[in-house]
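Input: a single structure, listed below in structure tokens.
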Amino acid sequence: MADKIGIWLIGARGGVATTAIVGLLALQKKLTANHGLVSELPQFSDVGLSDWSQFVVGGCDIRDTTLEDEATKLLTESKLLSAELLDACKEDFTAIDQQITPGTIFNVGKTISDLADPEMTKKDSTPKAIIESIKSDLSNFAENNQLSKVIVMNVSSTEPTVDGSALPSNWSEFEPILENEDCILAASSIYGIAALQLGMPFLNFTPSLGTAPNAICELAEAHGTCHMGHDGKTGETLLKSSLAPMFQHRNLNVMSWVGHNIFGNLDGKVLDDPENKQTKVVSKDRLLGQILGYDPQTLVSIEYIKSLGDWKTAWDHIHFQGFLSTPMTMQFTWQGSDSILAAPLVLDLVRFTEMASRRGEVGLLTDLCSFFKSPHGIEENNFVRQFQLLEQWAAR
Amino acid sequence: MADKIGIWLIGARGGVATTAIVGLLALQKKLTANHGLVSELPQFSDVGLSDWSQFVVGGCDIRDTTLEDEATKLLTESKLLSAELLDACKEDFTAIDQQITPGTIFNVGKTISDLADPEMTKKDSTPKAIIESIKSDLSNFAENNQLSKVIVMNVSSTEPTVDGSALPSNWSEFEPILENEDCILAASSIYGIAALQLGMPFLNFTPSLGTAPNAICELAEAHGTCHMGHDGKTGETLLKSSLAPMFQHRNLNVMSWVGHNIFGNLDGKVLDDPENKQTKVVSKDRLLGQILGYDPQTLVSIEYIKSLGDWKTAWDHIHFQGFLSTPMTMQFTWQGSDSILAAPLVLDLVRFTEMASRRGEVGLLTDLCSFFKSPHGIEENNFVRQFQLLEQWAAR
Amino acid sequence: MADKIGIWLIGARGGVATTAIVGLLALQKKLTANHGLVSELPQFSDVGLSDWSQFVVGGCDIRDTTLEDEATKLLTESKLLSAELLDACKEDFTAIDQQITPGTIFNVGKTISDLADPEMTKKDSTPKAIIESIKSDLSNFAENNQLSKVIVMNVSSTEPTVDGSALPSNWSEFEPILENEDCILAASSIYGIAALQLGMPFLNFTPSLGTAPNAICELAEAHGTCHMGHDGKTGETLLKSSLAPMFQHRNLNVMSWVGHNIFGNLDGKVLDDPENKQTKVVSKDRLLGQILGYDPQTLVSIEYIKSLGDWKTAWDHIHFQGFLSTPMTMQFTWQGSDSILAAPLVLDLVRFTEMASRRGEVGLLTDLCSFFKSPHGIEENNFVRQFQLLEQWAAR
Amino acid sequence: MADKIGIWLIGARGGVATTAIVGLLALQKKLTANHGLVSELPQFSDVGLSDWSQFVVGGCDIRDTTLEDEATKLLTESKLLSAELLDACKEDFTAIDQQITPGTIFNVGKTISDLADPEMTKKDSTPKAIIESIKSDLSNFAENNQLSKVIVMNVSSTEPTVDGSALPSNWSEFEPILENEDCILAASSIYGIAALQLGMPFLNFTPSLGTAPNAICELAEAHGTCHMGHDGKTGETLLKSSLAPMFQHRNLNVMSWVGHNIFGNLDGKVLDDPENKQTKVVSKDRLLGQILGYDPQTLVSIEYIKSLGDWKTAWDHIHFQGFLSTPMTMQFTWQGSDSILAAPLVLDLVRFTEMASRRGEVGLLTDLCSFFKSPHGIEENNFVRQFQLLEQWAAR
């Protein structure tokens, strides 16, 4: 029998995780087509990816809710999923709910903390103690489910910005910091450290700091495991990384690129807090200069509009100069469900990362850069070129 | 002193040609930035392209007008160019006007023929005789201006569709056809044959048939020259070739792609004739299936809206399915000046083709595919991958 | 006990009728808010409109299907309605299905005829005989359900254009025509005549000819009943009638107004037939000139895009001149469900018309013009002014 | 000979004023069509409006520039106006420049003050002293040009918000405040007081406080003159006041209305200061609730994007519920030149106000409400109904 592989989701009952879980169940039950799944493209059919049936889901969350409630909300508030599909998943929801442990709200900011239920949050006061507690949860998950491997993935809400540049760049100086209650690191990094110390691959689907600091990267090498981040590239930024190369290759001078994003899910509510929003905006904005080779005036806004629910709508206005300095305009609107766009990438990343881990790859998985808004360890942001890296890597 | 190189434009007083001429003069006089010019990108600065100062313009047209009048129309009707720039070009316009000979309206369809002036059209009745007359014009242009080389480029309006599949596939069977008055070939192919027989490179910037037929390709080989086509990729189709790969790489199932194009220049008037429009629509539509690997429902409309002048505006509506078959929507609008987008590509193509010719390349220049909506001899339509071919070729 | 009032729908199992029926049931069962219902606005609360509980639905159709199947299709194909609501309506669907009789396909064109089931179409060969058969159906409906009144409403698909101007303008000359098998009138007029001859109010929610001819109007007077049409104003045209007055009042010169409509329901399929489309396009286009006082270049396209289902999407591009003849642009996109927009207007029209009938109004109900794209008997197309007429009329 | 009438513009060399001046000159010289001018509509041709030839322009400004420079900037930076037209106006520019006096920067905020030239600002330290100085400028303008009347209009940049509610509501208590150097009133009110005290009509085209306070209104009555404000309704808000009635009349429940505005002229730069922006946003946002009768979630952003120059581009996303609570979406983009849209309204307002003054009207001219985003003294915001008031008033 094939090995069983664990997926441990941080924010396991959020919109993205819930949709990923529904999707995985639908794939296992053969109730859905494979639209939106990169790993199901023909070029990846023979490279040795695990089968959907091998995956087992667990994770942690800080809110007092159930997967069924969250999935039902996606149906009623955002017209996503379907009544039949949720019916078919009911029992599995209950089983998975039992695999979900309390999470940490260390330095996640007031807006996220306010969402937390006291019963669902870890009480430890230093990062070090929290890390030990998480490691214990992860080990239990692996043991109880007889898993050959566990992939840890952060799909929780965006934290306020942590300035990683001030941190020591090697682990020996870094480690003592974790014993301070006023350590500046936030939850995403704490989870990352726990995973890497257990030799478990870690993926950061959010713009939070996670395992980006050099000292934590060193930890991955030391424990012979891999990791990657950050910030899943799902909508407006995916478009930027597909369109900006066109302007660059045609020597069209982008004078300004304005992007307004509106949506109304829980992530949107969290991003309505300027502290958390700042982390996201930087991540959405940075790639343009890298692709174009110069910095046009840019503006990225993210606004919480309740009625939209999970439907993230973006309007981008691109003002550029063509030949003889003639100004011209391109505009686009993108109406996509945030969770539906993100969920398959979560599953794809797990599958590709599990394969990398089996192949013995250690450190940052830069060949997975096409999945991220701000990929660690690599400057490539042209989406087609990023995808070529994925194809070449998988074919190796 | 550096060699002088001729550019011979078919449709030399049309919007695209006029803008290309104004642009070339502005470059030679150093009155403009290099926005919109691919050949001015850093990666092409050391590959051996000719200098703008080396180029001399001639060509043919069928309308009774002057370059100055046409340029002035672009300013007053479409707010393009500028009064100062046109002032600076006045004398050159007169000089170039003298290099422009009458053209042929053989099988160009009623709408184009109606635009022609009797004094500006060739009177010969068989393609063969017309070819000889064009060859004489081309030779005179080369001789009178002491040109080391002439690049012939078709920037005239779109002809009604010619079914090339019915034609003999080798030159020996093909040649006799040219002696018939009722030959199905149209002007674009006649010009192409003339150029290739003189060993002059030929470029087809329009969706007309040109040198696409196998027998004419054979001619290029026989005379040791190069050619390429067809249909310059300037706006909506450029976007399709940049966006469709995104949907494909993310396994997002495009259910329908609707594109409506409106504009009001002379080309628009010609395309308002269903006979001519058909040729264009096929060219704009074909690449989607090639990139996606399946054929979504597509719709391409092109409509003549007088008030827009040269400002081609496109609205595209892309309806696609993501994960769990969820329908989502992307829309874009593109507001670009047709002539301003096309003109720099005309100059780029001349420059790259002239270099190919110096390097001794013979036959179809498939590495220039990024410039064309329907590139001959190559199936690649992903714009970024097409551009990689250009970079690799130039660096060779 | 309050009187019972019949609604007799032509095309009773089409998308609009099905949605109107679901909506009426939801209102009667108090399962929905009153969004989209004009007659539920505060200014109409005391004018004496009937209660939703008084209405009983019947009608005719030509297709072999059931209300439940059609409603389920709206849910699965277009994500409209909800599983719970359909569950609550199941038994009523069956009861209403039994009130639905076969319809006529006289001169409805090939595309509509191809949708018909032989068992669901009347076999009579002259309009006169068909009229008698319909009158018998209408009388049975009234009698069997003990109705005090029946309102007849056409919500079937658009017929090919009938040139009404060629018909005699008085009833005595008109009537004999109905005995010819090759009479040019189509189904919509035949139904209208049947209704008016029984003294039943007739409403034409489609662009088909219906009771527009003078001779048929005369019939309404003769039988002391009222009627109105035509073509329900639900989406893009509603916007035109709201926006065009703005351009007119500000003396902004509309140079061109382009409107592209795409959708994928059954009506869309019927309109994909150029014969039927022509009827619709004229109706959507005519009001601009009436509001503006001059005729800008206009373009209206309607295209069948299957994936969109009932979601009619319109893109309008308005090119106008402001001060000093400066060209400027407004664009809008409208994403609305065709059936959801139309259904409440169907119910509103029934309610307002029933009140008019009780008040003894005879002839064209021009005060209901705000509901129609091309209101009969009145030139007013400014939506706000039309609505003022409704308010003033209701308050009388 | 007809009377000469003065137009005294506050901010006389700003974009709006410059365009209004060019436009007036073009009208006087018969060099332009009357597009964009409300007062040129047929229904106002016989009501007794003054002729364009009667108007003489003066005003004040705080910047060190010339009309010719400002007009040329509109041409080169924003492709507005035309080289020929500016040539034809050159001499008039110089003459008008001589009629422009220094202005006051009292409480206009840091961003506006930074634009001021010391030589062009009044040195007085109390509002009372400044008012006297302005009155002297106004009297000189009237006298030197032998004007029968002067209309004073504020077209300067938006000031930071002044809380008018804290001010005394009658003039006798209000007047002493003007002797304090730390009076909270800003320039717009100071100009307004000066004008009204001279019996000159005052119009406030900006969202600044102006003559809104009750005590200042009392002053208009006392001096038998008229005034009106505030904030010219030129673009996005004009659309809101045309579209919101449609949603209201159809009982479509607007859940959210998001409006993003981007532009790059001097006004945009001033509005980039949060203090000044606040004044504008409130003005753009308030009418929705008044028209709809409830308050949907709204968002109005105004951002300075340099490359756009005077081309204000707005994207509005309207999310509404129709029948059976079905969510639907309308979006629009508006690409208009801010100055070109505003300038004709400035001229119209002058013309209508001059007529009102001749008719002896005193106090707020509420019948001019269609011209303003936030009309004083009247709650009507439905644009068509506002326009009916104008028509009825003019016809009186």
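Quick notes
The chains carry the letters A, B, C and D, assigned in the order they are written, with residues numbered from 1 in each.
Assume a contact is a pair of C-beta atoms (placed from the backbone, for glycine too) under 8 Å apart; a residue touches a chain by one contact, two chains touch by 3 or more.
Everything quoted here is computed from the prediction, not taken from an experiment.
With rounding to the nearest 5, the Cα superposition of chain B on chain C corresponds to a rotation angle of 180 degrees.
Although chain C and chain D carry the same sequence, what matters here is overlap: shared residue numbers make up over half of all numbers found at their interface.
In this entry, B-C is the pair from B-C, A-B or C-D that repeats the interface of A-D, since more than half of their contact pairs coincide by residue number.
With each centre defined as the average position of its C-alpha atoms, the distance from chain A to chain C rounds to 49 Å.
As a whole-number value, the distance joining the C-alpha centres of chain A and chain B reads 45 Å.
For chain A, the set of residues that touch two or more other chains comprises 79, 329, 331, 333, 335. Per the touch definition, chain B reaches chain C in the complex via residues 79, 255-256, 258, 260, 262, 297, 299, 301, 303, 305-308, 313, 315, 317, 319, 327, 329, 331, 333, 335. The touching residues of chain D, when paired with chain C in their complex, are 19, 22-23, 26, 32-38, 40-41, 80-81, 85, 238-239, 242-243, 245-246, 249-253, 321-326, 328-337, 340-341, 343-344, 370, 382-385, 387.
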